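Note that subunit A is present in both complexes that follow, paired respectively with subunit B and with subunit C.
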Partner chain A sequence: MNLTLKKFQVHPFHLVAPSPWPILVSFSVMSIMLTLVFNMHGFMHNNYWVVFSAIVAIMTMALWFRDIISEATYLGDHTLAVRKGLNIGFILFVVSELFFFIAIFWAFFHSAMAPTIELGGVWPPVGIEAIGPSELPLLNTILLLCSGATLTWSHHALLGGNRFNTLLGLILTIALAVTFMICQYMEYSNAPFTISDGIFGSVFYFGTGFHGLHIIIGIIMLGVSLWRIYTYQLTNNHHVGYETSILYYHFVDVVWLFLYIVFYWWGT
Partner chain B sequence: MFALRRVARPTTVLRAPTLRNTTRNINQKVEEVLKDGPYKINKAGAEAYEAEYVATEKHAEHTSKLWRKISIYICTPVILATCVNTYFVEAAHAEHREHLSHLSEEDFPPEYEFQNVRTKNFFWGDGDKTLFWNPAVNRHIRSD
Partner chain C sequence: MFALRRSLLSAGRIARPQQVARFSSASALLQHKAVKPAEKLSEVTGPESLIGTSAAPGTVPTDLEQETGLARLELLGKMDGIDIFDLGPVIRPQHSVKGTPDDPIWVPTYDNSRIVGCSGTPHGSHEVQWFHAGVDKVGRCDECGAVYRAYELGADEEAPHH
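Now for the complex of A and B:
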């Protein structure tokens, strides 16, 4: 009876095989956290351990994603039911990200709506030259909005089976996102205030810094999607990785709109 | 004695009617599945899937063309126009920075107590400068 059962999979689910990556990722991420805390508490010669844990975490993630790509592309484990599960999982992840950014905005509003007496009772605080909404952030907003447009162009070209337009739209999206990061770098390195300039500096770099980090992650996700489309791993009716990357990128895009309105416009 | 009784128990369990029925039920199920073939053809489902596929493809072609037009004819000029504006704003900023970089510590605008907070050394560089430190506009002037 068991022999007969093993010949057929009479359900659409993917029963994953034992894998070393979950426990390795857990320990390397914990190691990054611990070594960073040691660094911030002044432990000497500790940078090597931070870099080492980061390398282990990144390598483990790469190998884990390689396994998932093999399961999806070459082993055919990602049936419609599995894809549905992956999508729901990713949506839950984006919801957790949403609440992470809500916490940042909470910190901003908490400090900006009732500025303390030490800041002069005003926002932006006295002596702080804030960056206004008609300066570099305006260009950044336009760049991100346009990258959203080119991404939709690429996504629907893929759905319609148009390879050239898919690749062109995606390359343009990545180029616009990289330009955004360059502009953010220029803004940071010319800003008249730093992260240690009271609550204004802290909350400004907290919000824009984490957003920038998320744009970098979005660029990596779109870059992997570009490679997978280029090598025919993703097709017009099977591209979970690209769809989740698109969802993530649009989410980060919308977070920027709120950052622009709140941090650069209302907050100055 | 005790060990022997423990070995004897599973055999009684196996002979129990509930387990026997379950085994028989599983056997029946497997036979049913094998009779129809494990992967039954669902014609209605396949047709619905294909219809959706064709509809998506058709709709996508139109949407892709629309966003391509938006990207080329709206985004490009808007980006260029914003670039021009930003160029002039940033040129003025650069001039201001150039002026600030020549100021001595005494002439630099005084700072309030909440600015340039240092409770302990940063774990990079000389321990005093933040990341993205620009000496033209960021100064840490110690009064003592």
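Now for the complex of A and C:
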């Protein structure tokens, strides 16, 4: 064996090199927060800075992820140990997301399980016409459950080496998720209450709004995965980005089921 | 970003000078198929033999086709049943004697010394003791007196930058 340790690093870990992206992301995200707070306090001509910060953050993230894709696909830095670390890191992130949604449900139950006298002592509060579980939310539930099925189909096709079914399943998943978002937009447009209509409106749009935001993020993640499969970057065995996207999407799928049961069914 | 740039620079160093002149871009250099990618651990000659090829159009790539760099080296090792990183403890089953000044237990290092943890001979016979084992100065375990000595790894011409 003409392999000598001197030619290669003897450990499987990826010691990341100096990069401008972490500090740029930090400052742009801080800018988003500050400018959003300024906006909420009525500062004039501040929208430009919110948009500017968001553009910087999105561009920096895109360039950072581009670097990670290069390191993974083209430089071979992602050994099994690195992939394990990425997976564990992403699982921790999903756990933090879980507790974020637990907080939202806590806010809902806090107000709904013992409605105060100002609400008329009932939930939904007096004067609020809530959206029932047999209306648009039922279609939304079916859409999301179907998208979970097509996503699993796509993943198994990738594992089995069937490129056409992988791409078809993933395109269908994204189409179903986009349809879900359109339905949510229609529901919001026609809802008889707003976010400022007391606690019901507040927690309803708090929960469903953040869920919708997470579906959008899931669509972006699956879109990146679709592009990387289309350009032959992902192999049948090494596709951490796709696996984490799938995990994330299924997570927001399950959150929707709880939203449906609690916000649209039990809560109405 | 800097990692990419440095890797491409080092890829340029690996290639012969006339090759570098011929390729107009880094991607063209990477796509160059002069060196066949190694498909067995025994075929690995250097970093340039660890650049994977692409899959046939319309198929899902496999790891063997496309894995590159250190990840490919690891894969080829696994296919031969070899853990190339060898992260397990240094156990010397061939002679179950503790290291001595004349016959120390050798420990690889990128530096001129390394912290080692001794658990005695045979393995696990006392609490782990941590101490330095140097290239020039051996390390001895306070518990059992075993001797460890480091030997340097790393590229000959270039020191690690971090």
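One rule holds in what follows: the second predicted complex is superposed on the first by the 261 of 268 C-alpha atoms of A that agree within 3 Å, B and C clash if a C-alpha of one lies under 4 Å from a C-alpha of the other, contacts with A are read in each partner's own complex, and residues count from 1 in each chain.
Operating definition for what follows: a contact is a pair of C-beta atoms (placed from the backbone, for glycine too) under 8 Å apart; a residue touches a chain by one contact, two chains touch by 3 or more.
Note that this is a predicted model, so its numbers are computed, not measured.
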(request) Report for A:74: first if it touches subunit B alone, second if subunit C alone, otherwise both or neither. (result) second
(request) Considering only touches as defined above, state whether A:121 meets subunit B (first), subunit C (second), both or neither. (result) neither
(message) Quick one: is A:89 in contact with subunit B, with subunit C, with both, or with neither? Answer first, second, both or neither.
(response) neither
(message) One more residue to check, A:42. First (subunit B), second (subunit C), both or neither?
(response) first
(request) Figure out whether A:11 sits in contact with subunit B (first) or subunit C (second), or with both, or with neither. (result) second
(request) Quick one: classify A:22 as touching subunit B (first), subunit C (second), both or neither. (result) neither
(message) Touch test for A:161: subunit B only (first), subunit C only (second), both, or neither?
(response) both
(message) One more residue to check, A:134. First (subunit B), second (subunit C), both or neither?
(response) first
(request) Name the contact category of A:143: first (subunit B only), second (subunit C only), both, or neither. (result) first
(message) Looking only at contacts as defined up top, I'd like to know whether subunit B or subunit C touches more of subunit A.
(response) B
(request) Could you tell me which stretches of subunit A are touched by subunit B in one complex and by subunit C in the other? (result) 1, 5, 8-10, 158, 161-162, 236-237
(message) List the residues on subunit A that touch subunit C in their complex, please.
(response) 1-3, 5-12, 15-21, 63, 67, 70-71, 73-81, 158, 161-164, 166, 229, 232, 234-238
(request) Name, in rising order, each residue of subunit A that touches subunit B in their complex. (result) 1, 4-5, 8-10, 39-40, 42, 46-47, 118-120, 125-128, 134-136, 138-139, 142-143, 145-146, 149-150, 152-153, 155-162, 165, 169, 172, 185-186, 188-199, 236-237
(message) Can you tell me which positions in subunit B touch subunit A when the two form their complex?
(response) 26-27, 30, 33-34, 38-39, 53, 56-61, 63-64, 67-68, 70-71, 74-75, 78-79, 82-83, 85-86, 89-90, 93, 97, 109-118, 120-121, 123, 130-134, 137-138
(request) Could you pull out which subunit C residues touch subunit A in their complex? (result) 1-4, 6-7, 30, 41-42, 44-47, 50, 52, 54-55, 58-63, 65-74, 84-87, 108, 153-156, 162
